[in-house]
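Each of the two complexes below includes chain A, the first together with chain B, the second together with chain C.
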Partner chain A sequence: MSDFAVEPSSHMSVILDLTPAQWYLSSLPKNEYPLSFRSFLSQTLAFLNSHLASKHENTLAVYGALPGKSVILYSSTDSSVGQDETVADANSYQPFKTVDSVVASQITDELDALGDSDEEAPCQLVGALTKALCHINRIMNPNFTTGASDAPQPTREPRIIILSVSPDLSTSYIPIMNSIFSAQKLKVTIDVCKIFGPDAVFLQQAAHLTGGSYIYLERRDAYLQHLMMTFLSPRSVRGILAVPTQEKIDFRAACFCHKTIVDIGFVCSVCLSIFCQPVPVCSTCRTKFPMKTLQRLNASRPSFPPQPVVRSMSAARTPTTSTPPGTRTPSVSNHHADRTTSISSSASAKVNGSSSVAVGNGMTP
Partner chain B sequence: MPSKLTAGSFAPHQLLPFLQQQSQGSLTRLYQRPSSCLSIFRLLSPLERQLVMNMLWLESPIPSSTMSAWVNKDGKKLYDAALSSLSQIHIISNPLSKLNLNPTFKSSLRQAITGGGEHRSFGVPSEKDEKRGPTTVESLDAYAVERWETILHYMVTSGTGQAPTKPSQGVLYLLQRSGLMATIGGGSLQITSAGFQFLLHSPHTQLWDLLLQYLHMAEERQMDLVEVLSFLFMLSTMELGRDYSTENLSETQKAMLEDLRDYGLIWQRKASSRRFNPTRLATTLTSSLPPLPSSSRSGSASQAQGFIILETNYRLYAYTDNPLQTAVLNLFVTLKSRFPNMVVGSITRESVKKALANGITADQIISYLTTHAHPQMRKNTPLLPVTVQDQIRLWELEKNRLKSQEGYLYTAFASQADYEFVLKYAKQLNVVLWENGAKRSFFGSMEGHANIRGFIERRTGAGG
Partner chain C sequence: MEVESGSDDFIDDDDDFGGSRGKNVKGKGKAIDRRKKDKGKGKINEQAYAWEASYTRSWDTVQEDEAGSLQSAVDDLLARGRRRRLLAPSSAFRRTIIRHLILLLDLSASMMDRDMRPTRFDLMLEYSREFVLEWFDQNPLGQIGVVGMRAGVGERIGEMSSNPQDVLKAIADRHKLEPAGEPSLQNAIEMARSSMSHLPTHSSREITIIFGSLTTVDPGNIHDTLDACIKDKIRISVVALAAEMKICREMCDKTGGQFGVAINDGHFKDILFELIPPPTQRAASKAGGGASNPSADLMMMGFPTRLPDTSPPALCVCHSELKSEGFLCPRCSAKLCDVPTDCDICGLMIVSSPHLARSFHHLFPVKPYDAVMEASLSSPSANCHGCEAPFPKTASAMSGEGISPLGRYKCPICLNDFCSDCDVFVHDVVHCCPGCGK
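What follows is the complex of A and B.
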């Protein structure tokens, strides 16, 4: 009869990608399954209501990632956000009605406020993601400073769902990676539904590293059904009902110097910063590399233009930040010769023709 | 509701067995109202809810094989159980070949989620009352607590000679009908052992226990069960602190207003008032939030956080000034002294034996102490002192020292050989409970008697 051995309530943060240009492209009838923003919004709202319907205590927060800014559109835990006094009516459940009207009106306000110049700005997905993480941190640790935190709290299962339409922004590689690490620490699952546009490399990694699922929506006429079957279930149910996870993940990283996604990168042996070409001085930790090494590395770079990017590679491959074991050996043998930073591409990647970041490890100066 | 966190399986809600007994026709009538569908949906287990949601937006039936492809190997059992329990309350039509939601349920739940329609099942809000201000949540909470504690307090003090405020006749009848209280020897109402056990349950379980009894009673009173259930479900989807109008209610539901007012689920300014407010007891019916506000009379949130400190020397300190909580503690604790904000007592053999005699079990005492333990106690592992827990269980075992069994005593055998021969036969049948060679007698259980008698008769018949 204990009161706290009950099914945990779950918290869901949803990030809507509100880039007008991408939504225009998505609604064009030349697409196989055009999806307009209006129909996207109504299906998403039905999904949000289904989450609230599942359990009385479930909480919800909705964020919008707009060009140049990110906003919170709705939060069921914080009554100060966009709570307008909706008139009650007998035909709808009040919490659902509040979500629908608040989210719709906030989106309209935000999109109206966008100027022509703003629309060129990149989509602030990272801003929305970090806001969502901060919010989750707050509701997971209420009254952290006061002594009341030892009161029994029903464990929530927090998760973040990103509904993305815009392509990867390579400048946001580092902040996204940092968000992923904090999500891992908070035990937050990040689910990604890629509705339109090319596969998002960083979001794939986000879903993979936090145990969520990444779905590239091909049948966009079945958007709501995808949401229901894949993203509605809390973590406890996912142990029973299998949800699709991606088989192949693109683990490529972006370089720190030009923020481009690289197939072959050069890694500083001291701080592990990634560069797209050999540099004499690491821009992050100011380590100087000898001239001889640079020349050798430049000589070893493939002269042929980079092969067309293979969209994904096997999930079993080592992530970029770890060093393939085979590449470590030459640098050890060079230990006394000079302060070499040897960077070589991994043999396996060359042989099977797929592109990958080849990480070599050098000596510490 | 005793729920355990075991791989997505939770004890089903108390109401579901009742719904399973209803006919398909009346359930379908119930499913016509979106608010009922939403509330029933919330009472389902997590897996059942996910299955319903998977099928909610499909237009055509889905083959069972497609759906079961989503299930992991470990989850097969849970999945089958979920499907069968869904079909028992007629949410799924036929779980054999193709899965499909009950069309009425499907369209109503869709309507609940997307809004719209003209069903008016979420309660008609009343016009703003110009003369009086809006009803505050605090006053509603105070009313609900007062009503609910009156009922419990009446139960706990019955037969102790005190005269607490009596709840209304309707409540008394319900308590008697549900077997929680009974008239003993034509006198006043006395709490029964079921009633004692009831007192130690969580408020949420208590509430549903009473409402289930109310539903059974409604059946006998020839009330329309669909109306009764849908009114309860409508209350559970209403908003706390909002006024609702009685105009749209059916006659049955208007009659229910009075009963529910007595239980503290509904507040009305006057009995003839045309508006009513659901209290927290009503709006949390389908959730696991505490149905009573956390702070009742004391300023701190004592009830939600727990208030009992139990020491290894059996002394118990309870930080409460609530007479009901004190009275419940008095069921199994010898109270020694009382202060403005706390009571001190100790758990003794006599006090526990008294509780056991009332029909309370040791596990119930321990679970009550665990549930209401003070936050300070939660730092201990295990939470309650092991010595006290073990002793309470030992005291319960003491009660079970004697075990009675019916049987026959076989005695006055003519010779030792005779005795041993019969005893050997009885031992082969495995019916001997006790034997004494010196007195040439043994005791056999009831079921072996016919065989043993036949054996003895055959022997004496053959011998003589």
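What follows is the complex of A and C.
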């Protein structure tokens, strides 16, 4: 363990996806491994505590992505966030207790404040992500313009962990990509744990482009184990541990016109805007395209309209899957079945096609 | 394709080096470039020639205030960046993003001069490597070729390539590039021109010359070559290391490029790196709203799936080799080794979508934040909406255009307050407001 003594302290920002509707679906008993929000939260808090416990200087920030808004729930570097009112308890380690009580009470407050109409709003993952980046930017570059003399020492190896249950929000394609590139500039690793729902294309790209891990949680009863094995170690240690790596990376993009996720797009040569069908005028830069091109492209297009799911159904993309693509949903999750994770637990070893079909059923209530 | 020369210039005079001035008087400003601003270049008045102005070092411009603090100087630099952002149009820029560039390196004996350390030649190679990396970062779909000028002829050093590693490899070995003889501008430009003649119309064609000599040995009339370049819409920019040559300035002026004479190492790098951001195109609206731009086109592109190195091996269509990792064409599912490329089976252009996305922040810039001048009556937030840093409780005495005495900067859309660090970070790096996601 002496090697670990010289490891620099690390900063971790955790983004919790707090979409009530998705958590309800996740907790339904018809899922093979139902995971309720309560159980998710207690396992996550255990993980956060182990991050704080692994090194005294480690710092932590917790964000919540709610429908229509994003909030910071806890920050160990700012005393102003989440004031702790709990009395010291001789039987518990105070930093753990602070995190647990502040995060839990903040989540309760935020969820109570949500009105019925708010629940329809899309999850503000982008807001939480950009706030986490702003925060990391500040603690990485303690600047005298903020006037804080007690600014914390710059931490090394900052990372962001996204615990996601919502599907991809194609309207946020551009902000998410911009966030990914700024994370690259700040040398921030983005890890993604997809707890429920279909694979998130943009988050796959985020993890790939920033050198993080993307985990699709198949055995949700082993959630805490996945967290500990994959995400607890900072980047410098991950080379020694065999953390699970991403299998396929889907490089699809969202078109600017209908916000659908496309695998073949039509791109304006002037501004590189992406459209899902040939358009006569670029809506971004107002460039008119030649008639000849439009006719040529329309002629060469396949006759059926672009469907984002069509591609993941094609058998060629999942060469190891023996199951022929049947209905749409099971085949989407079929390619999670052959995902290889190097966690040597029984959890990932015994997964077969049937379990993922059940996951697929769970997301189409 | 029409390229406007003025638009590459900074709007602020104080960032302008006299040498690159030329006819660029109608500069329209451009997106902020953090790198330049961070250097905080000093004020250099408009002068005909760069070497007549003294190059102000960044540490000379920083002045301590009466209390011996650097606070005011830092605030001033921040405010200057903020003002520049306010002046820049917030509407979408039109830029030539598919760029083709030939880097013309002077490999004549004059490059062995030691007025730049260690030699002009070594410095040129070093900066060229950095230039290539940064250029591909900002112009993801561009291509660079390298041509050398040595012993009176043009020499093809690297073919046009969209892979930065190929270009770097071409200029990696300094022994193969050992300078010799006299340079020939005409021969080299003709060679660069011929290698760009096949390019599609919707891409830009540019030549960037790093020129250390004061002479050129040409077989014919270089003005004929210049006319041919104008006809082919090739934009020539020159970074001179010795002094201004009339023909060099003329080439730049007539083709809409930039001309600069480097005074020292740092300045050499600055004027070279000013050529990296994509040049803005003359807006189509100038010709009466949405006029058709003959060079614009709609391209069909495919976004692939990347296979990891643990996937079962299969033959790739490009080399017919058995490989595990690779990319799958979304249309025909052929396995390709590398992107961007054209699919060998169905001919679809395959690009990785993050490559495209890297330039999106040019298209949708964040609206500048307003400096909050006085405390509003409604209860203001105690912390920055981005980084949660507490705002100062009392207004500072510091004031100036674009500086908020309260340290608050308000997003005009979501009306959230941000600290000055986040203001800079959001506009220069993230390009997305944490409050409204726009």
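Methods note: the second predicted complex is superposed on the first by the 286 of 365 C-alpha atoms of A that agree within 3 Å, B and C clash if a C-alpha of one lies under 4 Å from a C-alpha of the other, contacts with A are read in each partner's own complex, and residues count from 1 in each chain.
We adopt the following convention: a residue touches a chain if its C-beta (ideal position, glycine included) is under 8 Å from a C-beta of that chain, and two chains touch if they have at least 3 such contacts.
Everything numeric in this text was worked out from a predicted model, so none of it was measured.
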Partner chain(s) touched by A:Leu272 [first = chain B, second = chain C, both, neither]: second
Touched partner set for A:Phe289, first chain B, second chain C, both or neither: second
Touching partner for A:Lys30 - first (chain B), second (chain C), both, neither: neither
First, second, both or neither for A:Pro234, with chain B first and chain C second: first
Greater residue coverage of chain A in the superposed arrangement, chain B or chain C: C
Common ground on chain A, meaning residues reached by chain C in one complex and by chain B in the other: none
Chain B residues within the chain A interface of the complex: 1-5, 7-8, 10, 34-35, 38, 41-42, 46-47, 49-50, 53-54, 56-58, 70-72, 74-75, 78-79, 112-125, 200-202, 204-205, 237, 239, 242, 248, 284, 286-290, 304-305, 364, 367-368, 370-371, 375, 378-379
Residue numbers on chain C that touch chain A, as the complex places them: 70-71, 74-75, 78, 92, 94-98, 141, 202-203, 281, 284-285, 289-308, 310-312, 314, 327-328, 330-331, 333, 348, 352-354, 356-364, 382-390, 392, 419-422, 425-426, 429-435, 437-438
Chain B partner contacts - residues on chain A that touch it in the complex: 1-3, 5-8, 46, 49-50, 53-57, 88-94, 96-97, 100, 150-152, 154, 224-225, 228-229, 232-234, 236-237, 239-242
Chain C-facing residues of chain A, complex: 70, 72, 75, 78, 80-81, 124, 126-127, 130-131, 133-135, 137-138, 141, 143-148, 172-175, 177-182, 185-186, 205, 208-209, 245-253, 262-275, 278-279, 281-282, 284-290, 293-294, 297, 300, 311, 314, 316-317, 319-320, 340
